[in-house]
Amino acid sequence: MPYVNIKVTKEGVTPAQKAELIKGATDLLVNVLGKNPATTFVVIDEVEMESWGIGGLPAEAYRASLK
Amino acid sequence: MPYVNIKVTKEGVTPAQKAELIKGATDLLVNVLGKNPATTFVVIDEVEMESWGIGGLPAEAYRASLK
Amino acid sequence: MPYVNIKVTKEGVTPAQKAELIKGATDLLVNVLGKNPATTFVVIDEVEMESWGIGGLPAEAYRASLK
Amino acid sequence: MPYVNIKVTKEGVTPAQKAELIKGATDLLVNVLGKNPATTFVVIDEVEMESWGIGGLPAEAYRASLK
Amino acid sequence: MPYVNIKVTKEGVTPAQKAELIKGATDLLVNVLGKNPATTFVVIDEVEMESWGIGGLPAEAYRASLK
Amino acid sequence: MPYVNIKVTKEGVTPAQKAELIKGATDLLVNVLGKNPATTFVVIDEVEMESWGIGGLPAEAYRASLK
């Protein structure tokens, strides 16, 4: 009965892409650990760009700094 | 000083229901472990249906598959 | 299909107390939101006293400061 | 490669304040543990007042009870 | 820069299986959302059986109840 | 009443360093957002090297790959 939480920046992830993430993460747990999909949860959190930091900067400023 | 996080699908949970969840979870920690309610946090996250997966499917598709 | 995470300091919580927390948290979700217990997860994390801070101090030092 | 998650009530945190939190949390990990900022993530979650409980009450009711 | 957290019961997951989970989850984010693996974190938590609840029971008791 | 969770690899973080992280994270919330330290929690999780992935590899293998 695994629980998978996926956090990504909020940049237009579509429902179809979410469905792919859910399918892929569930399959991974089934294939690697033999878990039961019926008790495998996947929760996707989309985080505003201004609320995600890396390198000491908000995501957008960080990306700009790499250019 | 416990911290309780409750994640549910976003399906019209009312402020009154949230207050009940907060009260109930706090009482539980007080009754079972003798914790101090003044330093017991309860955080409720509501997750979009399309972002919650079970059985390898988004929640809505999963429920439909059970019918 | 709710997910509940309970974090407490590691201070000798017994298996019986954990079972009570699991039962109580599940009942809460069933009673308040009509959730299905078969797809309600409760995960309990016990955190070392030295790894839990409050008031800017590790838990033990904080408690001592209140005396 | 640390991961820092900061949860606060949603009460008008500005992008500039978020940038300060990101900078401060990253510097903390660099200074105390010598971590690499390029692989230090900071994720800020803002939680609705009605979804944050303390003292067995939603945050707003709790604050009112202290007055 | 995604962050993936996988929680499973502590039942002898090997380092090789963990490496497979890390590889699989990272590939998933790369393939579905075009994320950069160098800033994709995967954190695996193993939870004691007595600390994981489902159906209102600790995991072991729950499994026994299904037999 | 903020909640801060710091996850780092388990590599000999000392109690004194944990106390510094707790102090620093609390001060940050006090200084940037005017939060009350008495209701600011900091929880530090130390994650086994084999359970932390980056770049599609467990942490140790990833570091070796950079040399």
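Going in written order, the chains are labelled A, B, C, D, E and F, and every chain counts its residues from 1.
By our rule, contacts are C-beta pairs under 8 Å (C-beta built on N, C-alpha and C of every residue); 3 or more make two chains touch, one makes a residue touch a chain.
Please read these numbers as outputs of a predicted model, since none were measured by experiment.
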Common touching chains of chain D and chain B: A, F
Interface composition of copies chain D and chain F: same or different, split at half: same
Angle of the C-alpha superposing rotation, chain C to chain E, to the nearest 5 degrees: 120
Contact-pair overlap exceeding half with B-D, pair selected from A-C, A-D or D-F: A-D
Distance from chain F to chain A - Cα centre to Cα centre, in angstrom: 20
Whole-Å gap between the CA centroids of chain D and chain E: 25
Rounded Å distance between chain B and chain C, as computed from the means of their C-alpha atoms: 13
Touching two or more other chains - residue numbers and ranges from chain C: 1, 3, 7, 21, 25, 39, 41, 43, 52, 54
All chain pairs that touch each other: A-B, A-C, A-D, A-E, B-C, B-D, B-F, C-E, C-F, D-E, D-F, E-F
In the complex with chain F, residue positions of chain C that touch it: 7, 47, 50-58, 61
Touch list for chain C against partner chain E, complex: 15, 18-19, 21-23, 25-27, 37-46
Residues of chain B defined as touching chain F within the complex: 1, 3, 39, 41, 43
Touching residues on chain F, where the partner in the complex is chain D: 1-9, 13, 17, 20-21, 24-25, 28-29, 31-33, 35, 39, 52, 54, 59
